[in-house]
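Several structures are given next for inspection.
Heads up, the next two complexes both have subunit A, just with different partners, subunit B and then subunit C.
What follows is the complex of A and B.
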């Protein structure tokens, strides 16, 4: 045991010497980097552990998670977030039972009505207005609902862009190009300020849904392009084979083109959903108290004034964690889809 | 004897005046096997692909299983034809995202609206006929070329077609895999299936075909029974082609 340690230490030293201290120039650079890195580490940890005042985070944890949701009802969003988390863990590390794996997708889609029910209330739960929603709960809700709506809309746009009818094809091209030429914040402004002007007075869509619609309009244009890329990389011979089996146009789209295009576009779609998750923070500017918004309103509290570094470091960690979970889930999905079906 | 395929003066030209099909006429009767041979670019693939409407033509008339198609390419008639005609491609063209059994049952379930259990039962029967029922749960990329092509044949048979079209079914296969596919085709011919086969396999053409049609630059050069075509071809062009083929 001891011997092995010594010999492996010697190997390590030899390796370090060879790679870091081979000649004078290398040695100087290496030493300089070591000094710089240790200083950076030292000051970071010194700040994190001794200087930072984490009270602004710790005493406000429920606010970050749920916003101004009534305290005695906060178990509702908590249940939703915990069910999402445990479903993620189940998906990633759960047992390989067939019936479980078959129904996971349905369960995932089912979390959305569950979340909306828990947040809105009704049917036995006391109703809560959407202006009380906030924090991480609202951020996740915006992301999940927008991506679920923009996927089918994006698919339809991608198909229309490939349509043989010139009018439909042109119109979708224009829509996609316009959406990609406008900054997201402008689309969100449009959603918050202009949609109410266009609708008759009796119809009122609340702000959360206006934000979701605006995100959907924007993201679906990008998703459409990702899926179009997938559609174009499917060989023509697939359509010929499907045609020769007597399948009609819609059946070919449904059974041959969409499943293959989605699989090819999956990495790009993951990018879109991570981007969407981060972009929901723009709603802080437009008055929704989602994760970033709640951070800003906590900072406006005189008790915590000036502690913005702590708050933003904390928020960065939360965003990072959720994005990592999304990325890991997407990679898992990708592996599962390619396990038996290496490219043709 | 009922004619299954009747082609009259089929002509198809590309933009530069190049003729893919030049006044092609032929007849295939029920239960007969027609082998189409010719150098590459002679239009034999184009010809066979007009039979189920994957390829259009400019002039002439086609009668498949009593359904008449002309150059207007009536979509409804062509769908009717496709439901009764199976096709096997050079590159197999299996659906990579579907399992072997799903590849075979897709059309019966969604085109013929058969019940899933029934379609799967028949699909498994076809796969066992092709000797690949043990791979039913696998995906196309997990199979060898010969196995994939046999799946493609089973897929084409799933709609119980009255005519099978083969477009160079063995050209993309390793030499040692060719026979397993040809044997499957032989068995189909013995069962009385009407087939049109584009191939370079002389042995198969000699044993199985009733007629050999030789094409060059879109024209039919000659149509002869195989014993005449391979021993004493009528045309200089055919003899040249056969010499070339035997050299390789």
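What follows is the complex of A and C.
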């Protein structure tokens, strides 16, 4: 049963020769790389299996996932994360039933109120203050809420920047340019320290929502620029065609401009959401115990002192995995959109 | 829309907008009066009374807050400028490795780019600082005749010392930005049409000469804008210095706010200094862009 396909082996050899050992310089580099790579792999595996002490990760798994959420209520964030995961799997590999595909977007949006309900409690669940939220749950909550809020805000900003009314166009331009010029940590700091100063004494917003608000302010400026790029690449003839069909301005925006601009801007928007997910780690400096913050507080525990590498490698893996899931979901959405476009 | 309608709409929106801002500022003044702080910049000239580990110009704790902020700005500039150079160098190398013919190199650089781009910068900075530098031995790690020392205090090179905070920030920022710059470079090279490659090959130019004379000059106009935005990101990301304890402009503002409670004033100063930094980078890149275009007779 063991048949070597000779021609394919020859093709492989030819390919290797062409891509790795084309000339002396390339050969030296390739050999050097092979040696370095194998050494790196060897040491990494040796460290991963024999040297690293994974107790700091394994014994703290609930902390990484839920922070200081009360232990007997931890099924609530767990339910939320599992439902998000299974929904991702369903979206990617689920059956092609039409009614399912049609309602998937609504289900996705529905996960946000579900998550908030499960975390906050009330209506039969014991209420839990937001200062107990933490870990991956808080990271995901920050990402999801901020991106959902900043998308419509960004669309409005982009439309305003393209507007024919000079005053509105100037104001939005100033907002977008200033937001894009300042570092995120300054905006988050503004959110944590200064938002209470701008509000009347009797109104108080908790830290998590202040962070979400600051993220929204920041990210929407970037989203607005991405969508503006999409808007600008729509040919003028489309608007003329819509005008001649008798559509009014709002119909043109709703049916012609926004769907196309969103489709064009989708890769950029994916990058923004991945960036947002990573940037929630900045809240670790500003006093929320999200994923990185939990890592920091575990490292401050005398029991686990000095085990930086294990914790950081583990956190990097978690961040990497979630980023990959977001990217894969976005690519799926992109493909689906092109299929839909082809069906027109 | 009619012109009258347009003007009316704009004024309406502006009225609402400025009304909202007015309410917010009113709240702010009430809150500031309540906390007894008020709004002024007189505190800038009082002695700062905190020490700075790193100062390119002479600084003592009896110097004013303004001077401390200026030192912070210089520190920021120092780390931004040096990581900009390193990131560009590294990013160019990786970008070429990614587009080159050697598929092993391409694979390695693709792996590098995904790992770096899909983990948060803050995590990477902490890794470089706590694992990379503080993990070194207390005494000298590498010592070569008192000229070149590496220890957990940093690097000392014939009288010049670089603190481990600075180096961790430099390393983290350079590596993080280099992955993005590599993608910009790759995009620029791919934007040159295949015909150009075939053309210079058929003219008998060597790969290296063709790359330098034909491909890179045509890729540059596509690369420069992407590069500019990466440099701006680098400048903004340098504020994460606070995580490793490097005293840049943001870290010093943070200390001052903790000491004096002047959050609004410090925030405004931070805003202005970042707008200045951005202008500096944008204009420098604009000049470089113009020089390149002129040398190619595009303009």
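Here is the rule we go by: the second predicted complex is superposed on the first by the 309 of 344 C-alpha atoms of A that agree within 3 Å, B and C clash if a C-alpha of one lies under 4 Å from a C-alpha of the other, contacts with A are read in each partner's own complex, and residues count from 1 in each chain.
Here is the rule we use: contacts are C-beta pairs under 8 Å (C-beta built on N, C-alpha and C of every residue); 3 or more make two chains touch, one makes a residue touch a chain.
Note that this is a predicted model, so its numbers are computed, not measured.
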Who does A:246 touch here: subunit B (first), subunit C (second), both, or neither? first
On the A-aligned overlay, A:323 touches which partner chain: subunit B = first, subunit C = second, or both, or neither? second
Just checking: does A:91 make contact with subunit B only, subunit C only, both, or neither of them? Give me first, second, both or neither. neither
Quick one: is A:237 in contact with subunit B, with subunit C, with both, or with neither? Answer first, second, both or neither. first
Quick one: classify A:216 as touching subunit B (first), subunit C (second), both or neither. neither
Could you look at A:255 and tell me whether it touches subunit B, subunit C, both or neither (first, second, both, neither)? first
Per residue count on subunit A, the busier partner among subunit B and subunit C is C
Counting only touches as set out at the top, which of subunit B and subunit C does A:193 meet: first, second, both, neither? second
Between subunit B and subunit C, whom does A:270 touch in the aligned arrangement: first, second, both, or neither? neither
Contact residues on subunit A for subunit C in the complex? 18-20, 22, 26, 29-30, 33-34, 37, 164-168, 171, 178, 181-186, 189-190, 193-194, 196-201, 249, 274, 278-279, 281-282, 284-285, 292, 296, 308-309, 312, 315-316, 319-320, 323-324
Which bits of subunit B are touching subunit A when the two form their complex? 52-54, 79, 82-83, 85-87, 89, 91, 93-97, 99, 106-107, 110-111, 138-142, 155-156, 159
Give the list of subunit A residues in touch with subunit B in this complex. 237-238, 240-248, 251, 255-256, 259-260, 263, 340-344
Going by the contact rule set out above, which residues of subunit C touch subunit A in the complex? 1, 6, 9-11, 13-14, 17, 24, 27-28, 30-32, 34, 101-105, 108, 115, 118-123, 126-127, 130-131, 135, 232, 236-240, 242-243, 250, 254, 257, 263-264, 267, 270-271, 274-275, 278
